[in-house]
Amino acid sequence: MLELRLVQGSLLKKVLEAIKELVNDANFDCSSTGFSLQAMDSSHVALVALLLRSEGFEHYRCDRNISMGINLNNMAKMLKCAGNDDIITIKADDGSDTVTFMFESPTQDKIADFEMKLMDIDSEHLGIPEAEYHAIVKMPSAEFARICKDLASIGDTVVISVTKEGVKFSTKGDIGTANIVLRQNTTVDKPEEATVIEMNEPVSLTFALRYMNSFTKATPLSSSVTISLSSDLPVVVEYKIAEMGYIRFYLAPKIEEDEDETKP
Amino acid sequence: MLELRLVQGSLLKKVLEAIKELVNDANFDCSSTGFSLQAMDSSHVALVALLLRSEGFEHYRCDRNISMGINLNNMAKMLKCAGNDDIITIKADDGSDTVTFMFESPTQDKIADFEMKLMDIDSEHLGIPEAEYHAIVKMPSAEFARICKDLASIGDTVVISVTKEGVKFSTKGDIGTANIVLRQNTTVDKPEEATVIEMNEPVSLTFALRYMNSFTKATPLSSSVTISLSSDLPVVVEYKIAEMGYIRFYLAPKIEEDEDETKP
Amino acid sequence: MLELRLVQGSLLKKVLEAIKELVNDANFDCSSTGFSLQAMDSSHVALVALLLRSEGFEHYRCDRNISMGINLNNMAKMLKCAGNDDIITIKADDGSDTVTFMFESPTQDKIADFEMKLMDIDSEHLGIPEAEYHAIVKMPSAEFARICKDLASIGDTVVISVTKEGVKFSTKGDIGTANIVLRQNTTVDKPEEATVIEMNEPVSLTFALRYMNSFTKATPLSSSVTISLSSDLPVVVEYKIAEMGYIRFYLAPKIEEDEDETKP
């Protein structure tokens, strides 16, 4: 039997909004440590990893590890019916092929339960090794979202270059080129407004803006985002979720095409 | 000659927004008692009844009963041109085939008049007898609108079930089922936030959500809605209009289909 | 070399939003006096004239007169990437076929530069003689925008008639007619809310609402608009830009069609 009670139900609503564009169907895995998900996007280019630790739930009962195959769009439809202040409880009986989402209004005057069929989804769980990154940029998540959106109006890819002084986002398209430079800045009033750069060595990598823009759907979850870059590893774009976990997006850099690509 | 001056002109704007989706053309009937309308929706399933009593107008002159055939979309287009604080006057000369809407800004610096052609519309006025209902639910109109919208994302019909403890709205669709229960609750700060249930006997009826969602276009007119249910009568969904009248929507329940409906 | 630094960068963003719907490609002309543009709309019916005087820029360097051919949609795309509080600098090297827009955030923590290709555009500069107008109406720009939008829901053309008492906007369409009268009104709290009529002789002219509605895209630039009318001249719809200049739209009146137009 599974029963997970999350007082700040809006977090779960935001989680679904953050990943449903990227992933259609996925297994949610529940164990005593937490509620998690790992899934490739539908074109098998990006990877999403979600963790909501058991300590973050008001009540967390998970008698044995289970994996629930869920269509994320349908789950998002149901969660949209929860009020932003509602308490959400996820319930599943052992061996059941359904999951129930219960929404309680703060005053307890409105109680809703939504029951959804589960699916069988084949998936293999990838081990993601801890890695050392050449550079880690922490910046306001809204600024990162704005930059990805702005650059996508000019080009299809973004080059992210990190030096000690700052991080540069560049693109090139039919109508011209764009460069946006953010300087390291830690003398801000609120820590979430800081741009902090930890750099071991300079790095410059190219990514598809389409994916970066999908990742920024997680912006409402956290006021800052952390981007970890190494020349030989997928970038990690991480949004912390309150005190309870994270969403991490992984995306392999594009190999810079040869300047002579038009030659045979 | 007809001349009706309504200081709170925004009420008339909201009335048109509330009914123009359901009804294309209808007769507005003016008599000494008030300005009213009764019309079936275009698929002849739901009925709308509107009453604005003469006392609610600052000036109400109606020399003889007249019936004005109006295309509601066109009338709504014209009323959209009135400011929300404008005074609206409806004018028609005897025997004229046009009606004029006059909009005066509160400062009287802007005066607009919009003249619209009238139409001949055949309609029979149904007598709607006063009835006893098994259950009458009064609830916040925004909550009712939210529930109808949420359920429509899951299924096509809603079962409304009333017991002494509360009212339950249920639906079923391809992706799962949903139940939303509101408890009777009269200990609220503002009376319009109360959910009040008057019940003579329990009742459970099924309705098309499409129509319920159309009815909720009247939500801006009133902070609460009254739903009157009897197993042998159409439901009445009523929105009071300030001190002057109401919009009532009538919809026959769906006959519960046989469980064996796939059999020949 | 050209280098124009505009502290209130949002003005340039609004200028582009105001004219990009009407004009696709145009030459921006820079001289020691200012940054200007004159262009016909793509159907060669309306004319736009923009002036931003050099004094309005924090820094204005223009070594020699140059004319930069620009696709306004592309320029608008780039300017949309500037924050509303950003300082915008326009830069071009002599003989270069590109222009650079630099955006600096108020804190200087974010610096962006967008480079755009220039185009060759044939254009002839029309001399617009100063003229005497029969009537000049100054009114709140939002009110003018509202009236043009409202009337366009009823008809295709607007008749603007000015008398000493006020200005009347009229239209006629399939669903009826509309007249909106604004009275001269100078006793308002804020001067920009005034409607001021200077009239030498009464005038009544007809214009296409489609163009008038395009002109009102300039509404965010100024809280009032000035409409100058003469029976033998194009109307001038002028929006002042802060302390630095204006956008003026010119549109020839429609010749009133003969009442007997259906005759052979």
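Which chain is which? They are A, B and C, in the order written, and residues in each are numbered from 1.
The rule we apply is simple: a contact is a pair of C-beta atoms (placed from the backbone, for glycine too) under 8 Å apart; a residue touches a chain by one contact, two chains touch by 3 or more.
Chain labels with UniProt names: A, B, C = DNA sliding clamp PCNA.
Given the structure is predicted, the values throughout are model-derived calculations rather than measurements.
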Problem set entry | Superposition of subunit B (DNA sliding clamp PCNA) upon subunit C (DNA sliding clamp PCNA): rotation angle, C-alpha, nearest 5 degrees | 120
Exercise. Copies subunit A (DNA sliding clamp PCNA) and subunit C (DNA sliding clamp PCNA) touch; is their interface built from the same residue numbers (over half shared) or different ones?
Worked result: different
Exercise. Quick one: subunit A (DNA sliding clamp PCNA) and subunit C (DNA sliding clamp PCNA), Cα centre-to-centre, how many Å?
Worked result: 44
Problem set entry | Touching two or more other chains - residue numbers and ranges from subunit A (DNA sliding clamp PCNA) | none
For this session: Could you please specify the touching residues of subunit B (DNA sliding clamp PCNA) with respect to subunit A (DNA sliding clamp PCNA) in the complex?
Result: 143, 150-151, 153-154, 175-183, 185, 195
Seminar exercise, completed: Per the touch rule above, subunit C (DNA sliding clamp PCNA) residues touching subunit A (DNA sliding clamp PCNA) in the complex are 71, 74, 77-78, 80-81, 98, 107-117
